[in-house]
Every structure is written in structure tokens, then in C-alpha cells.
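Below are two complexes that have chain A in common, paired first with chain B and then with chain C.
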Partner chain A sequence: MGVTVLQTFPDAFRYGYKEVEKLHTRIAHLGAQPNGVFQVDCDTYYMNQQNSQFNDIPGSGSTVNKKLHILHNTETPASTYAIIESPGKQVTLCADLMFDLLLPRLSHMYTAKKNLKVETKGTRFTVSDFIVKIGSVSMSSGQYKGILVEVEYLACSVPALCWPILREFLQSFMGFCVSSQPPPYLQARFQQVQGPQDTMQQYLEKFNEFRESSAYPVTGSLSASQPGTTSTSTPS
Partner chain B sequence: MATTDASTTGSCSSMPTSNRPDPNTSGGAMAGAAPTPEKLAACLSYLRAVRGSATQFFALLAQQGEGSENLMLFDVSTKKEEQADTETKIKTVLDDLMKNVKTLQCEVSSLSPIVGNSTQSNLDLLSLDPATDKQQLHHQLRQCYIWMDKVYNYSTMSHMLIGHSHLNRSQMPNPLSVSKRRRPPAISNNVNVPQQQVDALILSINKQFQDMMLTVSRPMGSNAIVQVTLGQLLRGVITLRGLLIEAVLIRGYNESFLDHQGREDIFKPSQLAVFQRVTDNASAAMLHFCSPYLADLSIRSFFTWLHSFSNLFTEPCTKCNCTVSNNSPPTWREFRTLLPYHQHCRP
Partner chain C sequence: MSINLSVQSVLDSIESAQKNDIVPDQEFVLQGSVMDLSVSVLLSRLRGLCDNADSLPETFHDQEICFILKDFSNPGAVGPGTGGVMLRVRKALDHPELPWQLRYTGQPEVGNRPALLRNCLDVPVSSNICDFLHELGAKVDHEYVSKGYIMRKGRIKVTVFKIFKVGGKEVQEGVTKSHVVELSALTTRVDEAIATDLRIVADQLKPLVNLQNLDYRRL
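Let's look at the complex of A and B:
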């Protein structure tokens, strides 16, 4: 397991497939070989109101909005990741795929929000010791949200030891949308050995960003360009 | 050879008639005055006498067994008579045997160990091989040894001459090397080194670098295997033969370094392209730094060089100023300056 970086590729005009194709040709110029497909999906459950009331005795009461995210990654097909998200804190559980069967039994605690399901799908490439996954993010309704690129460097598992090479590699096919500073998630764990859970937490972070962007009107090109413009402005 | 044959045949013919004292006395007289070959021949004849009487004794025992089986069917009194008769027979034969053994013992103890043995090497023994197709071997081997000596002498001379020149590329710009270069080439045999010396050297290198950990193990006898862990970056397995590095293998930090039996895996190459390339370069460095006369220095230089990989993924190439080129970090380190270069950017 190497270090994984997730990068949103700006798609201001929502070309979608065209932009993905562009990335495919660029990465092919680097000598990348397509190597199957991949998919990462995320289901979100909200804690039931009455339960959260008697669960949160010590603190702030029922206003606490606890969420349970269930994620799957085709890279680790036998695992289910459950991430409990409460303000300021995340607990990650890496379980067998059988964990999914346990979820209906928790229905009295958590209720699923069907329209919040989000997934990214695309092609997986290998280039030397890099694994590149270019995926397009969409909601369960089929609504296209953007492009998410995952790059994993297999030769190193500590971000501090390999960020320069990762950054340069990302910039070599995505250009200046890649910040020269490591993403905040990696920065917080710069000296730690990365594992599969770290990849999933980064995906959750990005998925949450994409979901929040849906608060804007969907068809408006101006609002859709909002995340793209912010990410391009960061390096300068 | 001829005398031995004659005496043996003589003793053999004398054995069935149980005329033991005759060869004994004649042999003893011969051995007293005779030079070594005759003495040896006499000893052999005594040995034969011992064997002869032993055979006789066993034959008698066997005969007696057969006879008694037959007699069981007949008379008891005749059986007893027969038994007494055979007992006396056995006793005389046994006495004979004991006497022979004693004389043989005396004779053998009087034989002094062969004096010429120490000067005879294996090479000389090879020349005594009577097989005609192997007679050439002695000559060839001798020539081989002569040439080995010549090569050794020439290399000693050339090493002394080259050691004075400053163009010696294989030495590190190390303050230690100046003092060590003046030292006469005392250690010429780097293959048979005491284990303590190897351990001490590795330990001192281990202390020299904080972020590089070296552990010595000996899973295959006296030759050491050094395991290197450089930070959280890479692991290496270095096979030593005495004080010479024999093989180098570099793998990633998170790749397993044990084989399925739980021992150090010294053969399985890395799965990652970067470390395969580093392994190739490390093997080249091993050959570059190899200097049979300053083996400890060559090991030291090699590890200094290997330590320079601590910035493998972070330091840009000296020539093109990029970290990644051809999807690979700068995997080559200059031998003297330790500057990083890409494989294709090498000066």
C-alpha cells in the first residue's frame, strides 16, 4: 500500500466525458496502460432523531448530527468501510463485506438517505509504480458531479518521503490545478504510514465536497464552476 | 611390491597347516634389520596370519555346530566325548589367534609414523595416480598454481603503484581513506575473516548513520547477511563473503523481506520498478567500490553510497532539475559526489 492522493479535476463547463477522454490521452502519453475499471461508492445513513437524543447524554443533545457512511472500493473488494462522522471526529471501521448484511438490523438506529448515494467510476491505469484512476463522480440519480483523479504511488507509504514526486507526477498530466502544497488530509498525517482506510477517508472528504456543491442550482454553469475556480486559484 | 607379494603368498600357504611360529620368527628377524618397506611387508604378513587363524577359529565353531545337530539324534555319551575334543581344539586355535594378535600389535607399535608424509601435498599425491588419463592433471594443476602466483605478484605490484596515483576513482573522498591508503596491503585474504571482524565493521557502520539500520545474520553458515533498513524508504539484503560483498538486493519498505519459511529472502527481486532499478545500480556500485586490499573501506564506501538514497523520492535530479522523469525518480547516485541523477541523465 502506497501513498494515495485524490485530486478534483476542474470541469467548469461540465463537459464530463470529453474531459475524461482528455485525461486518458494525456496519461497515455506518459506510457500508462489501461488496467481494468474501478468503482468507489458511498452510502450515507443518518442517526435517527430519538436515538441520538438518549445517546448524547453528556453533550450538546439532539442537535448533534451523526452520520454513518458505508463505502466500498473495488481495489479492496472483500472489505466494507464504515465511517462514523460526528462534528470534529471520524471513526473508521474496516470490516468484511458481510457487514452490509448487518446494516438492515441497525435500521432502528440509522436511516438511509437514498438520494445521497454517490459513486465514482472509471478506468484504472498503471504507469511504472503509479496507479492512476480517473473517475467521473455521479449521484445515485445519475446526476454528473465532476471528475476525481486518484493517484497511488506504490513504492512509498509515508507522504513526507514522496510528496515531491507525487506532486510532479500529478502536475505532469493535470497541470496547475494541482496545488504545490499537499492536500490537508495528507498534511495532517505527513509522517504516518498510509493504509487503505486513509484512501477511503479521502474519498469521503471529496464526496462530501461534491454533495455540498449540489446545494447550488444544478444547471447554472456559473455555480458549477465554483469548485473548479477555487482549486485553480490556490497554486497562484 | 614384489617382496610383499612373496611374503603374503608364503604366509597364506603356511596358514592351513597351522604352522604359525615359522612366519612369525622369520618376519621378526626381517623387520629388525630391514628398512621400512620390508617392515611393512612383514606387518602385512602378520595381519594375514591373524586373519587366517580367525577364519580357522570361526570355521571350527561352525563345524562344531553342525556336528552337534547331527549328534542329537544319536548317542549322548559320544556327544560328550566329541564336545570335549572340540573344546580343546577350539582352545588351541584361540590361543594361536591371541598369540598372532599380540605379535601384530608389537610389530605395529614399533612402526614409526611415515616421515615423508608432511612434505607430500595433495598435488604430489595426484602425480602418483597410476591412471594414464589422469597423469596430465598433475602437470596442468602445477602450471595453474604457478600462474596464480604470478597473477598475485603482479596484482600486488600494480596495487602498490596505482595506490600512489590520485586518479584512483574507486576511492571515496573520505578522510579515513588517506591514512588507510598508506597502510601496506596486509589483508590479502578477505574470504576467510573471523566473524567478529565482520560484526565489528557492520556495527561501526551502523553507528555512523542514524537513519540506517544494519542487522547481521548468518542463516547459511559462516558468511554474513546484512539487512539494511533505510528510514521508511527501502530495505536491502547484502550477502557478504568474508569481507567482500557478493550480492545486493534492494526492495521497498513495505515489501516483505522474508520468504515462505520465515527466513531472509535473498533472491526474490522487488515488485516495484524503482527498486529493481536501484538494485541494478547498487550491484554496479558494489563492483565499483570493490577493492580486495581495502575490503573494509569498500564496504564502508558502499554503505555511504547506499545511504544517499534517503532522499530518493524527494530530491530532484541534478541535471534536469525534475523529480520524476520517465515515471521514475532519480535512481542513480554519482559514486563520488552522491548527487542524484535519473538513469538517462547520468553525466
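Let's look at the complex of A and C:
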């Protein structure tokens, strides 16, 4: 397991697949070989209303609704990641896929919000020591949200030791939308060894950003093009 | 603006497994107890009955912490789900490198069967499970240490173990002067044939130990 960085690729005009194709072309110039497909999905459960008083913040009179996020990654197909999110604290549990079957038994405490399901899927590339995954993020309703690029540098597990090479690689095909500063998540763990759960926590951060972003209109759809074929979509 | 890529999602695999009834989420159990003094006799009998009779029985030394997940803010509530769900966390004290296990066991199923049938789920998890369950809203109900032997006979798991109190003392204090004997087998929703096999093994252990279909709700 190397160091993983997630980067949102700006798509202000919501070209969708056209932008993804652009990235595919650029990365092909770096010698990238397509190597299958990937998918990361995230489902969110909320603590039931009648139980939320249990989480009263002492003295504030307000209640906190805890969120339980369930994530899956095709890179680790036998695992489920459960992230419990409460103010100021996040606990990430790495569990066997059977954890999913346990969730219906917790329905007296946590209920899924189906319309909040979000996923990213796309093509996975390998470029020497890097794995690049260019994904298109969409809600369960099919609503397109943006482009998310994951880059993993396999040769190193500590961000502090490989950020410069990661930054250079990211900028080489995404340009200057990549900040020269490491993302806050990595900055907070700059000297620590990274694991698969760090990747999932970064995905959750990005998914939350995408869910909250309502700056773009929700209309528009992209024709279903397969990788390698010419996109016929038009900007929405 | 979604792209149609044929990615088999991770979720699909578990859903199809459940649909095809291949998830081992049912457990048949028979339980009994034997005085500490008679354990060696029972073990000799079991070694003769179980697989790998030529090797010594495998030992285990586990700690189990039982959590209850329910709405603690409303203790007087009645209705479905208000009793909470018991989640058991188990770690191997003798093999700290192994993943921790999270176990859910449901209520015993009603019906006249040769062995007790209950819903169960075993999920290997990372070691921060206790922290996770606390955040989820669960509270510790009780904990204990179990130490004993495990053997197999085909699909049947045979355990003989003693329950100890959890504490920092050098000499562990047993809860009783006896060992628990348990026969269990994991199965799927549709396969109930194993219950009879369980009963046959139990009958072969008589009169050393009398294994019963214990309805622990009455305890």
C-alpha cells in the first residue's frame, strides 16, 4: 500500500465524459496502460431521530445526529469500511464484507438515506509505480457530480517522503488545479504510514464535498460512451 | 452524466450471495457443562470422535466483550427493537496478530428442532472496533475470558472451555468450577440437515456430558 492522493478535476461546464476522455488522452501520453475498471461507493445512515437526544451536547441544548458511512472499494473487494462521524471525531472501521449484512439489524438505531448514496467509477491505469483512477462521481439517482482522480504511489507509504514526486506527477496531467501544498488530510498525517482506510477517509471527505455542492444545475445527461470510443456528448 | 462502465460493485457480490442462500448466517448449537475434574476424560473421548485424532486438541484463549446497542435515553420504551441488539467482540489473547471478531447472535428460532437454531453473523474487523461501537452508541454489558480447546468433526465445531473473570490478577479466577461444552455448526438458511449430525455427536458423548437444546431466554 502506497500513498494515495485524491484530487477533484474541475469541470465547471459539466462536460463530464469529454473531460474524462481528455484526462485519458493526457495520461496515455505518459505511458499509462488501462488496467480494468474501479468503483468506490458510499452509503450514509443517520441515527434515528428519537435516538438523537441521546447525543445531546451538554449545556448547548442542541442535538447531534451521528452519521454512519458505509464504503466499498473494488480495490479491496472483500472489505467494508464503516466510518462513524460525530462532531470532532471520526472512527474508521475496517471490516469483512459480512458487515453489510449486520446493518439491517441496526435499523432500530440507524436508517439509510438512499438518495444520499454516491459513487465514483471509471478506468484504472498503471504508469510504472503509479496507479491512476479517473472516476466520474454520481449520485444514486444518476445525477452527475464531477470528476475525481485518485493517484497512488506504490513505492512509498509515508506522505512526507513522496509528496514532491506525487505533486509533480499530478500536475503533469492535471495542470495547476493541483495545489503545491498537500491536501489537508495528508498534511495532518504527513509522517504517518498510510493504509487503505486513509484512502477511504479521503474518499468520504470528497464525497461529502460533492454532496454539498449544489452550485451546478442538476440537469443534463451524458451519453453512455465506452472508453476508447469517441464521445458524442455535447455540453449541457 | 453517468458513464456506463460494467463494474461489478462490491455490494453486488454480497447481495447475490444472500439471494442464492449461500451466506452461512444460521447456527445450530447444543450446550452443556462438565465439572473441571472430568474434563480430561471428556477430552479423550472427543479426541477419539473428532477429526485429527492423532494430534493434540488446538487451544484458544479469547477475551469477549459484549456490547448492547439500544436507545439508552428511553429505558421505559416498549416495542420492537427496544431491547437492543447484543454485539460480541472477541479477540484472541494468544494470537494478538489475528483480526478481532464481531459477532451478532439473534434470538433462538421457535420450532421443534434437534438443536437450537439462531441467526448469527461473524465479521472479522479491525482492532478499533470497541472505539467504533462506543461512538455508534453501544455500551459494554459484560466481558469475560474463555480458555479451552477447540476440535472439529466435519462441519461441527466442538469447544470445551472455562470462563474466567476479567482482571489484572496473575491467577485467573474461574466463574464456576466447571467447563462449558458446546457443539455448533454454521449453516445457510436452507440447509438444516446438520442439526441431526449435531444430535448424533451429542448422543455419543453421553453419559460424560448431557448436551441440550438450551433456551437461554428462560435463564
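Points worth noting:
Methods note: the second predicted complex is superposed on the first by the 207 of 236 C-alpha atoms of A that agree within 3 Å, B and C clash if a C-alpha of one lies under 4 Å from a C-alpha of the other, contacts with A are read in each partner's own complex, and residues count from 1 in each chain.
Operating definition for what follows: a residue touches a chain if its C-beta (ideal position, glycine included) is under 8 Å from a C-beta of that chain, and two chains touch if they have at least 3 such contacts.
Worth saying up front: this structure is predicted, and the values here are computed from it rather than measured.
Annotation for the three-chain superposition on chain A: chain B and chain C fit side by side.
Contacts of A:Leu161 after superposition: chain B is touched, whereas chain C is not reached.
Contacts of A:Phe173 after superposition on the shared chain: neither chain B nor chain C is touched. In the overlay built on the shared chain, the residue A:Phe125 is in contact with neither chain B nor chain C. When chain B and chain C are set side by side, the one touching more residues of chain A is C. When the two structures are aligned on the shared chain, A:Ser107 is found in touch with chain C, with no touch to chain B.
Once the two complexes are laid over each other on the shared chain, residue contacts for A:Asn73 go to chain C alone; chain B is not touched. Applying the stated contact rule after C-alpha superposition, one finds that A:Phe210 touches neither chain B nor chain C.
With both structures placed on the common chain, the touch criterion links A:Phe9 to neither chain B nor chain C.
The overlay of the two complexes leaves chain B and chain C separated by a minimum Cα distance of 16 Å. Across the complex, chain B is touched by residues 1-2, 30-31, 127-130, 153-158, 161-165, 168-169, 172, 193 of chain A. Interface residues of chain C facing chain A in the complex, by the touch rule stated above, are 1-11, 13-14, 18, 23, 25, 69-74, 80-82, 84-85, 102, 104, 106, 121-126, 128-129, 131-132, 135-137. If you check the complex, the residues on chain A that touch chain C are 14, 16-17, 20, 37-39, 41, 47, 50-51, 53-55, 66, 68, 72-74, 77, 80, 82, 84, 86, 89, 91-102, 105-110, 119, 121-123, 136, 138, 142-144, 197, 220-222, 224-227, 233, 236.
The touching residues of chain B, counted against chain A in their complex, run 231-233, 252-254, 272-275, 312-316, 322-324, 326-329.
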